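Below are two complexes that have chain A in common, paired first with chain B and then with chain C.
Entry: the complex of A and B
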């Protein structure tokens, strides 16, 4: 058994071990993604239904005036595309973070948490893995939307990437933090009703904020307080090759807050795991 | 061998030391001042009924959550103060299945190895060795979904050993398996203790899973009622065998009505 004796565990983890751990987590998420085609199709159909049907119906009802970053009148389809991209990431973030705790991935959560790496690092890696999957979904969506006259400048596709990473991390961290704080969100229908729908509708995803202000000052106020609005605007500007610094700052700030919440929730002496008796219940 | 990978200082310490650990979920006390100690290459059975606190103890050792009081240390590394050092010396097989059904055995082990910072080459090498050990070398490329319950358990054991832990925890590893598969898994894990110096904590409520030479810890309603060799435990009671002793200690069998707290 020479090979057994040769490799004693290394004294301390270095950067290379951290890299291996993170790449392993992303690699596994990718593999799972390949095996779950239904999830991929569902993630794609959802925004496409909005684009093909909802937007087609509303393009005549809702006029969109010229507001930054747009320099001309745009089709309603073009206007809601950034919102739909953010919706893809919202669903993805909620799904991966919540399923980790409540559904079939319970076991995986335990496998992840017995890794000797620091817990914050494991959680951030897990979030990045989720973002990587959402990137793929978004770019496939954009490819299909191209055929639907949603044709942003080419530079927009590149500028979109960092924006997507930022917004994806924020939404994933939100899901992770929520999963611990709200006990009632045990199934996805509850999440749809109480998180995804309000967050999506009370934002600039479907209508410009000035329109909302005309209709209801209160709703306008809610929309400007909704971090999702800033994710949408960050994506909207990026898709047209511009940076909305305010949106970027708000999204980055919210991301840090949500992430801190998630790390707190998974701290072994506080938050969700200790209170609930851990994934899988106490025995 | 695993034992030789330890430093001299570590070799002198118990593989697992649990001292005065109390844990409560709200008002429900799951563990009450529990203590136990396992030396290197010992096979220890944690015997208790469902709800005795076995899984809670496992969760504390694996730092799923922290113990409120007392200390847990793995080869001298305190789980709270040096969780990384403790966790890397630890292998776990959880009660619930934790393999990814859609991935192959090899992919599951690759993921685990990466979570322990191992290189691809090392993982590939170790995967071959460990799957060979559990007799599943020919199933490495099969999806977990296509394996039987006993085979899945064996893959989980191979996985838990991939990073060469010196302490292996198994939480009711034979639940849902037939007699044949149960015996097979028990024998394989006992071989590990004997041949590789791995210390094992095996939680179960099945008395026929206790080998004669095992260290036994009787856990009941969160308290350690007795610990020692099988004969010692039996000797503490008026019973003739472990089954009778367990019934007497826990007050569930009718030999004697009051459970005796033993030091």
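Entry: the complex of A and C
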């Protein structure tokens, strides 16, 4: 494949062609997701275990201090719900980039990247496909959480949507950038452990930042530098019908950086893929 | 014609504006035990609009039936202070006797019945004549005060004797005592006078008493997942006018229990601030205000949605709460 042709498609491609290409990628991702029922169940069970078991033990721990966007004391379940939503998206982002490692190993990636559309468009389409899947997971999770007294205002469910798209894109782009650095599937499990757990725990997902600051100023510093914290806060505010502009700006900025990294990395002639021997080269 | 149309639009817009907001703005008064102040809250904006300096250790608080005067038990000043609501000035002190903690007005608006915690007395005061009508000896550490809607029976609970004393308001004699669980704090009659709810702080229960037979007809217990049983200490109680629902403040459990007042089943626990003590409903029964002594705030509960909507910071150790009727 020639990168020049990929970067500049012939003029005859109109919006409709782009849409067709994108819907094809989204459709494939959707089909893949629906055919893997265990993946759907796993994606739901993970946050629900946290909500039902982990949060139950901490019920009386919180409700000490009121922090925005909350106007009164909230149960721990309510507090960690935005963190669990972000966790769903984090796993989803990593998993769809895991599928890119699969695609590379099995050669499907070649089919995708040989398409005449620009690479950035193909990768963004792939990301949007991943986000679409995560939206489904998040809203099903919220429906179940409702029965557990996690009852945000109705406006919050609508306001959540743009926040989810933004945070989903950021986490997906992160996964994509990481996946380009992985030579083989086996290595990916390690990256999952080295990325997902630190990213999730060193954030405001489980405890408010003021509480972390009380325990360790260093950890607090790490948490404030973690983009995942801002994804969680963006979701937390959106779920209460409010916009946290700082979080939105940080998430959007990080998304662009990760995306640029991924587009660069997936450039066969210049990027990391080239250094590793091109698409499918590892397999 | 165009102007008429605009007027019409304006009228529609206004009617929406009124329909969307709460029907009425009431004034909420909260006594802050440690700060020696009363915080004044607007029930519509849910913000503190003013603070009134009062005597030492203000606890029990109520408004006269005409809404013109605010009565505050200044426990450490051994008096009940009377403030003019309009001018916010101290009008007079009532000869309450030592350490007044809680009080209740007769349904007619006069007299006032005061529990004197240290003297094991209930003092009856004529508000207009500013004079003591009677001193009724009761059990040790009297606190809770309830009065039947017809004004015939006054109920006082004594914290150490663990009894609800039934007092005849004409003869000032105790006509009966009902033994309840440990440390009864509060007594509240239902609007129709057929039930009396008494909370027991240490016992962790609410006894519902039939005022005519003076027998306990139900005893309500509480269980909250994740909260120690010792932390469940029922104090303030409010019943809706239709007698269908009761709210009980559970002290250090930081919850208000919502109870079906017919079946005595707990429907829900609402998370509020720490050490929730007393409660007050707005006259339209749309909002419930709770005083949270240890977190220095007041939580507002939407009664219809059964949700805590906001917690408002007030002074230190908010204790009692009362709400204007208009």
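In this text, the second predicted complex is superposed on the first by the 251 of 283 C-alpha atoms of A that agree within 3 Å, B and C clash if a C-alpha of one lies under 4 Å from a C-alpha of the other, contacts with A are read in each partner's own complex, and residues count from 1 in each chain.
Operating definition for what follows: contacts are C-beta pairs under 8 Å (C-beta built on N, C-alpha and C of every residue); 3 or more make two chains touch, one makes a residue touch a chain.
Bear in mind that the values here come from a model prediction, so they are computed numbers and not experimental data.
Which of chain B and chain C touches more residues of chain A is settled by the count: it is B.
After overlaying the two complexes on the shared chain, residue contacts for A:30 are found with neither chain B nor chain C. With both structures placed on the common chain, the touch criterion links A:241 to neither chain B nor chain C. Look at A:151: by the touch rule set out above, it reaches chain C but stays clear of chain B. With both structures placed on the common chain, the touch criterion links A:208 to neither chain B nor chain C. In the superposition on chain A, contact is made by A:118 with chain B only, not with chain C. Within the complex formed with chain C, the chain A residues making contact are 56-60, 63-64, 66, 71-75, 151. Of all the residues in chain A, the ones that touch chain B in their complex are 1, 3-5, 7-10, 13, 16-18, 20-21, 23-25, 27-28, 31-32, 35-36, 106-108, 110-118, 268-269, 273-275, 277-283. For chain C in complex with chain A, the residues that touch the partner chain are 225-227, 254, 271-274, 295, 299-300, 307-311.
Taken in their complex, chain B has these residues touching chain A: 1-2, 4-6, 25, 30, 50-51, 53-56, 59, 62-66, 83-90, 92, 94-100, 102-103, 107, 110-119, 122, 125, 129, 163-164, 196.
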